Amino acid sequence: MIYEGKKRIWSEYQKDIPDDHWYYVRSCIRQNFFPASERMFTEITRNVLGKDLYETPHHTTCGGIAYHCDTLPQETAMTIVARQFALMTEAGYENYVPSCITSFGNYAEILETWEEFPELEAKIRENLWKACRREFQKPKYLAHSSDLIFHWRDAIAAKAKHLLVNPHTGAPLRIVEHIGCHYAKMFPSKGEGGAEYPYVLAGMIESWGGEVVDYPERRHCCGYGFRQYHVKANRGYSISNTYKKFESMEPYHPDAIITNCPGCPYFLDRWQYVIAEQTGKTYGENGFGIPVLTYEELAGLVLGYDPWNLGLQLHQVAVEPLLDKMGVDYDPDAKYLGVNREDIMRPELPKSIRCY
Amino acid sequence: MTDFGFSISKSATIDMDAVDMELYERVCRQVPSARICMSCGSCSASCVAAPYSGMSVRKVILALQRGKDVRTMLSNCMLCGKCSMACPRGVNTRNLILTVCRNL
Amino acid sequence: MKQNVVIIGGGIAGMEAANQLQLLGYNPIIVEQESALGGHVAQWHKLFPDMSVARDVVGRMSKSIASTNVFLDTRVVSVKSSRSHYTLSLSNGVDVTTRVVLIATGFGLFDARKKEEYGYGVYDRVITNGDLEQWMNGCADSRIPESPRSLGFVHCVGSRDLKAGNNQCSKVCCMTAVKQAIEMKELFPDSELYCFYMDLRLFGKKYEDFYINAQRDFGVHFVRGRVSEVGEDIDGRLCVKAEDTLLGKPLKIHLDLLVLMAGMVCHPQTSKVAEMLRLDVGNDGFFKSRDNLANIQESNQDGVFYAGACTGAKTIPETLAEARAVALRIHSYFNNL
Amino acid sequence: MIDRIPSGFHPFVIPFLLGMAFVLGYCAFGLFRIIKQLSWKERRKLAVSLITPETVVKNIRDIFCDCLFHVKLWKRNKLLGYMHSSIAFGWFMLIVLGHLEVILFVPKRINLFYYPIFFNYFVAEDEITLRGSLLFFLMDFFLLVVLSGIVLAMIKRVSSRLFGMRRTARPSFLNLVGLYALWAIFPLRLLAESFTAHISGGSFLTIPANWVFRQFLGNELNMLPTWWAYSIALGVFMCVLPFTRYMHIPAEMLLIPMRNAGLKMVDARKGFTRVQVLSCPNCGVCVDACPMSANRANLKDCTVYLTRQVRRGNERRIEQISDKCLMCGKCKEVCQVGVDGAQLRLMQRARRQYGFSPDFSNLPQSQIISSSSQKNEKVLYFGGCMTQLTPAIGKSVESILRKSGVDYEWMDREGGICCGRPLYTAGRTREAEQLVQKNQEIIKNSGAKVLLVSCPICYKMFLEHYDLNDIRVVHYVPFMLDFIASGKIQLIQSEVSYVFHDPCELGRGCGMYDEPRQLLKRVAQIREAEKNREMSVCCGGSLGSLSLDFAQREKITRASLDNLCGSGADAIATACPLCKTTFSRYSDRPVRDLAEIVDELIIDN
């Protein structure tokens, strides 16, 4: 691997990212999958870095999943998106940051389509006006929330409590970065570092002291693919993709995987249990799996937040090995205690993969 | 083991590192012209058995190179020799077929 | 007093045209931006279909124009045109006035880094056809392992690729790949060689023989399918993915070396030269001939002619034939024939 | 004539006796083994034939014609015929006359096996009789005949071209030993008899020689060594005989009655096949005849080398030689012993082991719907696979049928099931049988009375391996001759001259030589190639060969074309789609099927 070559490519895919005043839209599913992630994002931007981030309760789904499942016509999806832009315009913002990768891809695709077909944009404006009497400005800047963390990665590193370094050995942790397909595969220029060698998560890992694992199947989909997972008959296809990725990364013995997509961490995390059940194979050390984190969760750990406040107990694969390697102080007994140390009950633990 | 109602399916990808080329190489040693097939498909198009078993000498050669099964294709070959007549490169298709059958 | 003819570009087209013009009684002046004559051909090792040594070919040609005026390391800085003359100011401070300018700027080798998915410049074991020729010429290249077990050749890198900015076939890459595969097999008899192609466009004399030889005598494997992506595994070997389109199945293979057949694109200086001389450039980036059938060597400017790959991908014989033809054309231009 | 040596014995006869005992023992054992290898049915067939007067007469005639007079060789080349028959018949007569001498002069010694051979040593001439002189004259005469044969044989070793053979088989080491022993026998006999001629008497050869020798050598010391040498030469020859080509001498005696009894090759190595193999005299006539001899590399792939390798048990070479053969049958045609090279190879092919065999049970049962028209006898036309690639032939046959007003149906117009011949010749007889069954059913269900075939490959298969009840299998050539004879079609005579190429399967395969020529004569001028009819040269495209590669086939085709074009004809006519395609590839003149030629020249009513 020629690092200079990658750097050259990264230098070609740089995005203009304003430093402040963002209009934030949440993901439909992330709050259920990894509930602390979006909370952590607002925490970091507002409280740690002191930035202006605006949210509105009127925000709805962007229609992305339905669009990709072929259950929604494109014009409908566009009108939904137009409404989101209208909400942003009404709030007086012009920098739009979605939390969801599919949303990000959806917005990027729609803005690009309007660029190519202005008459379509005019029609959507008309649709929106007819539907809810709203008007909108297109966002001046569109970024994904991981772009922002990437943008502020050095600021976060400066405030870091725990770096991605094993305090006992001094060795950097080996981290797999997995980018959501809709981040840059459609428009390489819309992603930090492009589509082939994306830098958005790699940059965070580097800044926070870790070592990026580059493995042959790094480009491959996590296996979620809406039409695969959501149709039960196709789930074998879904898990097969995940399996392929794990088989490919296995020789590198990664310490953790970080992702920037709603579905990826969920499937990379949960499928490890199913793979263990079906094949008896686990990919971490000593019968554990490989911990899968969102970049917000990782940022939270780096900044020294309590792992249980970051919702890491909701992961299928035990995160404790990673916490140990990072030197994070945690109370094992508090794992299943909620707010005010209230017992939130312990889940049944699987036999095939080691969990706490 | 929990039954999830679905399972990991075998990859459709041909893993060239794992393909056993022994049979192909053995056949090529005995029928050197097998190597010069250029996959034009004349043999398949003229094949008498093609409608019944999907026979195609081109595909047989390719399948040998990719470690795929050739039995189904060969199962209806009548050895009529139209393929050798049609082949523009002079591949000795009939000997190839017989040699493969001997080595299976 | 002999008439001047300024030839921009000292590759084989420029050299051959200079030789012929000299024989016809003109005073050719070659302006070459590099420090040596011969252009791309001089960088090559052996040339198909006779496996001639490129250096000898170029050497013979430069000997034939030993008495010609050649400005090396020189570029045209600006051009002033009057009604019937062009005055070219060169970067070495010389001004030349001429009635005829011959463009022989040739082509540029496609920058394989643009095909990011192949990892040229990112992976340790990915090189281009040009790199391989230079290595065969004796230049050390750490990317080429000592005894590779498996080697791959990717055809059409930056050719027939709308997204890479070149929709055209580069004509010579298929044959180059077959030639290089044979050469590599001769160097590494125990290795397995794979050519990943979309179509094999082996149109020239004896090209098909090379193909048959490669298959029959050298056991080169031809896989029909364009390489989609390349990864690097933990040992630094390349993991190459393509579809075997003849089987309709995806295929992957580990290779020790991947050679990218970078195609011919327009020379990087094309637009600059075109601007100075107010020449038309086609949508492929090459100089635009008056037409592509009978007047390939004619430009839209009076007294400006083309020879060789500056108007599109060409083989060496085609280039040389054009160079000879353009010399005659210039002769008739001078004599109002 | 009186006994010179009272005991009637001398040790010099021992080498001969040993050799004779060995060869007789060997042959007896061999005969026993071969008879044992025959099936019960075959044995019965053989036994019946040996007591049937007709076959007995035929056997005797064949043995005389083939083994002694070499009639076939005479037909081929007079010099070659003389060479062989002079040695064989001369030697035979020496033995017969030797016995006659013993019976006439010393009848009490007839039980001594060696006496007739060394007669001249053991007797002394007491009085000259006319009978004795005549016998001595005949003995010397036949010795001279044999010697002339030996001289010719020596010349042939140096220059086989004089004998009409471009190439001969290269003898192996033991064959050379046998050859030189054989060559030595008769000059030594001449010497020995000459040395004793003043005692035992002699004739025009031995007496003068005796006189000459006595002028130079003058004593009798030379007498015994030459008789020893003569005996040793005989002994050596007998001892190596079973391991050399001379085994054909006893083997052929068995081959002839077996063949006349109607035995067929049923095993790759045993029984009748073994006799055929042993009967090959290694004369090498098949080397030149083999079309593959156009390639130097294939010179050792003809039948003489196959029999040799089968005798040696060299399986690798047996497979190579068997797979390469075009199965054109020409070697059998030229073989004076009648070794069936193609059938021998087929047997070898059939014993090959296959890890995988095709299964045709899924092929559609019936494709032809029997049409109701019963006015005329319905003709079912089978074009065959190759005709699909030579559509002009099929179209022409169809057109002729239409013009003759025949009610026909084209069985495999859209492609059908192969006749099975290619599989059969590849040695896959069981698989071929499956195809035969399929086609048989289709043909029988079609309601046709006649099965018309245009491809000789299919034709031979239909004739030999199909059981079609009363359905007549006919090749289009005689069928069209019938049309012409009955006036169903009228033809214009064309000025174009054609040379007719006899396709292997039609000519040597089915014996159809005259009909195509009759047909051709009706429409065009006919020229003959130098090698035609039985001697026709395979086009090189034959499906019979499995392993012959494209470049080797090309040379064969060109050689065959040279033979045809030597006739100076304007065009080449044939009656096989495979020959047509193969020739068309390299021919400088048009190559047409008879059907095409005929169809074009029919007068439209």
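We just call them A, B, C and D in the order they show up, numbering each chain from 1.
Note that in this section contacts are C-beta pairs under 8 Å (C-beta built on N, C-alpha and C of every residue); 3 or more make two chains touch, one makes a residue touch a chain.
Everything quoted here is computed from the prediction, not taken from an experiment.
Under the contact definition, subunit A and subunit D share the contacting chains B. When chain centres are taken as C-alpha averages, the shortest distance to the whole-protein C-alpha average belongs to B.
Taking each chain's centre as the average of its CA atoms, subunit A and subunit B sit 46 Å apart.
If you average the CA atoms of subunit B and of subunit C, the two centres end up 39 Å from each other.
Centroids of subunit A and subunit C (each the mean of its C-alpha atoms) stand 45 Å apart.
Among all residues of subunit D, none touch two or more other chains. The multi-chain contact residues of subunit A, meaning those touching 2 or more other chains, do not exist; every residue touches at most one other chain. Shown for subunit B are the residues that touch two or more other chains, namely 32-33. Chains touching one another form the pairs A-B, A-C, B-C, B-D. Note for the complex: subunit B touches subunit D at residues 31-33, 46, 48, 51-53, 71, 74-82, 85-86, 90, 92, 94-95, 98, 100-104.
Touching subunit A in their complex are the following residues of subunit B: 1-2, 4-9, 11. Of all residues in subunit B, those touching subunit C in their complex are 12-17, 28, 32-33, 35-39, 58-59, 62-63, 65-66, 68, 89. Residues of subunit A that touch subunit C in their complex: 1-2, 5-6, 8-9, 194-197, 214-219, 251-252.
Those residues of subunit C whose C-beta lies close enough to touch subunit B in the complex are 194, 200, 211-212, 215-216, 219, 221, 224, 241, 244, 246-247, 249-254.
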